[in-house]
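Two complexes are shown next, each including chain A; its partner changes from chain B in the first to chain C in the second.
Moving on, here comes the complex of A and B:
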C-alpha cells in the first residue's frame, strides 16, 4: 500500500507526461488542422483558423456516400457477429464436445492473424468462388474479426453465469425460449452489447481487410486514405477524421462501462 | 400409502461409470425423505433424475403414479432448491420468488402478493426489493426455498441445501425445514452427505453407495440395524466385526455391527483389549481399542474413569448389541 500511496517523484511525472503527449499530440494535431485556412499542405503553425471546412464537408456527396457505406458495413457485420458469436460462445462455454478447444482457438484466430493475411485469404477465396466484390464481401471480411470480439465477451460472461440458473429456470416451468428471454439474455445482454459496440468500432475504421475485399466501393477510412493523396481541400479529411474518432470512441467507452458494471452483477450471483 | 416418487430399476450411466445402478426406491407422499451417501454415491444424480435434468439410461420413474418418461423439467410438478441456490442475479428477491408464477401467466399484482406471502412463510417478510447479492447465505437459502415453494409443487427436491451454512444456522434451518414440511404436507426429498442431518430430519433415509441403495429405513432402523457394513460404518461410525471374528464369538458366520456406545469397559467383562488411542471430545472420550485382529472404537462418558493409553482393559457387550448384517453389495 505505502509503495503506491507515496507521491510520485518528479522524474516519473515528467516521463508519464511525455508518454501521454507522445500518444495524444498527433491526434490533437489532426483536430487543429480541421480548422486551418491552408488547404493544400499541412503547414505549422496554421496561417489562420476557420470553420468553413465543416460546411464544405457537409456538402461533399462523396463523404456522405463513404460514411453511409461504412455505417452499413459496420452495422450489418456487427449484427452477424452478435448472432454467430453468441451461439458459438454458448456452445463452447456450456457443453463439452470433441474438439471444443480447437473450435475456441479457431474462432479467435482471425484476430490473431495479421489483417493482411485474412485479407489475402478472403480475396482469393472470393475469387475462387467467383463472388463479385461488393458491400457484402466487405461485410463478410469484417464479420470474421467482429465475431471474435463478440465471442470473447460472451464466452467470458457465459463462464461466469452459473449453469444452474438455466436449470432453475426450467425447474420453475420456463421452456427453452422463456429461459432464453428471461434468464440467459438479461445475464449476457450487456456482454453482447459491449462486444457489439467494440465490433462496430473495429469495423468502422478498418482499412487492411477492406482494401482486399472491396471492389469500387470506398468506406470512410479508405476514402480518407485516397483523399490524403489529393492536395485540394485537405482539411476536409481532418473534419472526417474527427467524426471517425467520435464514432469509434463512443462505442468503445460505452463497452468499457457496460462490461465493468456487468462484471459486478455477474460476480454477484456466486 | 401413495407413492410420490417411484424408481423401478433406474440406472444412469456416464460411459462406463454407473452413477446410478439399478435403483429401486419408493418415496411415499407427504414424507420427509433423505438420500444419504458420500460424494459420488449417486444421490444427487437420483435427485436430478426426478427433476428431469438427467434422463435414465434404463428403468422407469413415476411421479405420483404417472410415468416421467418424455416429460421435460418444466412440465414436472416438482421444484428444486439448488445447492448454490441459483438465484437469478439480475432480478430482485420478489421477482425471483415470483418467477414461476410469471411463467405460469399470473398477473403482476397477484404474483407479487403471492411472493410476499411466501417470503413471510420463510421468515423474510419485506425483503422483496433487495437484490440477491445483498443477502447473506442463510437468507439466499430462504429465498431459494420460497421460489420453489411458491409454485406449490407436489415434491420439493433439496440438493444439499444446508451445506454452505455455518453450524448454528444449519441447525436452525434443519428445524425450520422440518416444521415447514410438516405444516405444508409436501413431500420433501433431501440430499445430504451428513448422516446427523439425515437422521435428525428425515422420516425415512435411503443410504447410497457407489450408485446403489444399500438400505432404506427409518433413522432408528438405519442406525440400530444396519443391513450392510457400509451402512454401519457410514451412519454413525459403528464398529464392523468381520464374519470370521463373529463366528469365533457367536458361532454365526456373518459380519456384525457394534455401536461404540454399546461397548462396556470395566472389570468382570468377558474380553480383553488394549487401549491404543484416546481422544477427548467434551461429553465423551473416544477410545481406540485393539481387540484381537481388529480396531474398535468405544466411548467413555465424561466423569467416568478413563483408562490410560497402552493399558489392558476388559470389555464386553450385550448379546443383542451385536447386529448381524448381510455382506452388502
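Moving on, here comes the complex of A and C:
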C-alpha cells in the first residue's frame, strides 16, 4: 500500500475545503444582506431581517429598465455569437487551411486581452467613425467577446463528432442542408446550447467593455457599478445583487448538465 | 436519425432547385464551403475588433497639444516618453507588483483545490468540485466585488469576526503597516489584493486541475517506491509536472489584474492602477494618445509573458 492511496491526506482535505469556502462564503453573504433592515451602512450582523426591500425593488422602474436592456443585449449578442462561433468552429475543426492558427487566435484575443483594451479600442473607433452610442454599440462589443465561448464549446464537439457520419449521410442521398438538419445539428446542438448559455451569462454580466460602448443607456451591471461607486440605495442594491446571482446560476447549471456527458467520453474534465 | 432519410433509395437522385445545387457545390468544392463558413466571423472580428485595435494603436503615436488640449495628428513618440515620467512609471510598477502578488498567492491557494479535485474527488464529489469552481467563476463580477465591499467595510463582517475572537489588536497592527495598510481594509492595498485574489482564483484552479489530471498516478507511486517521502515527491515530481498548468493559470490572473480598473476604484486607496489611468485619460482628460500608450503597456508585458509561457508548454494545459 503506497502513500498514494485513494484517501486524501487530512491537510489537503482541509486546505481544499477552506479554498472552496473562500470561494463561496462571500456570495452567500449577499443573500443575508438582501434581508437586512439596515439602510445606511453595511453593518454586520444585520440588526433585523425584513422582506420589504423586495417589494421596494419590484416597484423601481430604473431597475426594470436596466434589466430589460441587459436581457435584450444578451439575447441579441448571444444570437450573433452562436452564428459566428459555430461557423468559425466548423471551419477550424473540419479543415486545414492557411491562417488557421491566426483565425483561432483572433477569436480568443477579445478575452485574452484585458477588457479595458477592447473597450477603449471600440470607443475610439466609434468616435472616429462618428457612430452614436446606442444599444447596438453595446451589442457590437458584447458579440465580439461572446464568440469565443460558443467557439470553444462547438470546436470541442466537432472534434469528437466523426466526419464519417457526414459522409454516410451524403452517401445515403441527403443533400448538404438535410445533412446539416438531421446529422450535424443533432450532434452539436447541445454544445451550441451550452455555449449560447455561457455567452448569455457573460454578456448579461459584462461591465468593463460596456462602460466604454454605452452612452446614456444603463445595463444592469452599469446600474450596479454606479451604486458601488456612489452608494445611494444600499438595500435595493443588495436585492439586485442577489437576483443577479440567481439569474446567472441557472444558465451555468444548464450548460453543465448539457455538456457533462461529452466531457466524460473525452476522458478529461475541463 | 430521421427515418425518411434512411428509407430513401440508395441511388442518388438528381434533385433540382437552387438550394440543392448550392449544397452540391459546397460538397464538391470544400474551399467554397470554407469561405462561406469563415467569411462572417473573420469579417466581424477582423473589421470591428482588429480594426479598432489598430486604430487605437495608431493613436498612441499621436500626441496632445499641451496648450490647446487637442490631439495633434502627427507621428511622434512623445506620448511614449510621457509614460516614463515618475508618476506614470509608479502606476506601472504598482500594477505589475500587484499582478505578481495576486498570481503567486492564487497559485498557492489554488493548488490544494486543484490537486484534490484532480486526484481524489470521484463521482459526486467531482461534480461538487467542478461546480464549486465554475459557479464563482461565472457569477457576476460586480456582485463578487460588491460582496467584498460588504466584507471589508469598517462595520462589516471581518471587523466583527476579529473583535469576536479578540484579535482586534492584530487587525490594527496589520492596518498600521505602512504602504499596504490604511484606515480600514476597504481602503488599503490588502483589501484590493484580497478582492483580486478572490475574483481571479477560479481562473488559476481550472488549468492547474487540467494539468494535474494528466499526471499519471504511477509516477507518484514510482517516486514513493524509490524512497521519496510525500513532500519530496511533491517538490520533485508533482510540481514540475503541474508547472505548465500554473503558468497557464497565471496568464489569466496576471493579465486580468493588469487590465482591471473597477476593483481598485471600489476597494483600495486612491492611488491609480494602469486600468484607472487609461480610464481617466480617455474620459475627463480627453488625452486619448496617452490612454492608448498606457494600454500598450499590458499588451507588451503580456506579449513577453505569453512568449515565455509558450516556451514552458503552458498552452497544452489550457
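We adopt the following convention: the second predicted complex is superposed on the first by the 239 of 270 C-alpha atoms of A that agree within 3 Å, B and C clash if a C-alpha of one lies under 4 Å from a C-alpha of the other, contacts with A are read in each partner's own complex, and residues count from 1 in each chain.
As a working rule, a contact is a pair of C-beta atoms (placed from the backbone, for glycine too) under 8 Å apart; a residue touches a chain by one contact, two chains touch by 3 or more.
The structure displayed is predicted, hence computed values, not measured ones.
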>> Looking at A:98 after the superposition, I want to know if it touches chain B, chain C, both of them or none. Which is it: first, second, both, neither?
In response: neither
>> Going by the contact rule set out at the top, does A:164 touch chain B (first), chain C (second), both, or neither?
In response: first
> Between chain B (first) and chain C (second), which, if any, makes contact with A:187: first, second, both or neither?
Replying inline: first
> Any idea whether chain B or chain C touches more of chain A?
Replying inline: C
> What is the contact status of A:173 with respect to chain B (first) and chain C (second): first, second, both, or neither?
Replying inline: both
> Both chain B and chain C contact which residues of chain A?
Replying inline: 169-170, 172-175, 178, 182-183, 268-270
> Can you list the residues on chain A that touch chain B in the complex?
Replying inline: 162, 164-165, 167-175, 178, 182-183, 186-187, 265-266, 268-270
>> Looking at the complex, which residues from chain C come into contact with chain A?
In response: 1-2, 5-6, 8-13, 15, 19-20, 22-24, 26-27, 30, 34, 37-38, 40-42, 44-46, 48-53, 55-56, 59, 109-110, 112-113, 115-117, 119-120, 126-127, 129-136, 138-151, 153, 155-157, 160, 198, 201-202, 206, 210, 213-214, 217, 220-221, 224-225, 229-230, 233, 251, 255-256, 258-262, 265-266, 275, 278-279, 282, 288, 291-292, 295, 298-299, 302
> How about chain B: which of its residues touch chain A in the complex?
Replying inline: 51-53, 72-75, 78-80, 82-84, 86-90, 99-100, 102-104, 131-133, 147-148, 151
>> With touch defined as at the start, can you tell me which chain A residues reach chain C in the complex?
In response: 2-4, 6-9, 12-13, 15-16, 19-20, 22-24, 26-27, 29-30, 33, 41-45, 80, 83-85, 87-88, 90-91, 95, 97, 103, 106-107, 109-110, 112-118, 120-125, 128, 140, 143-144, 147, 169-170, 172-178, 182-183, 198, 201-202, 205, 207-208, 221, 224-225, 228-229, 237, 241, 244-245, 248-249, 252-253, 256, 260, 268-270
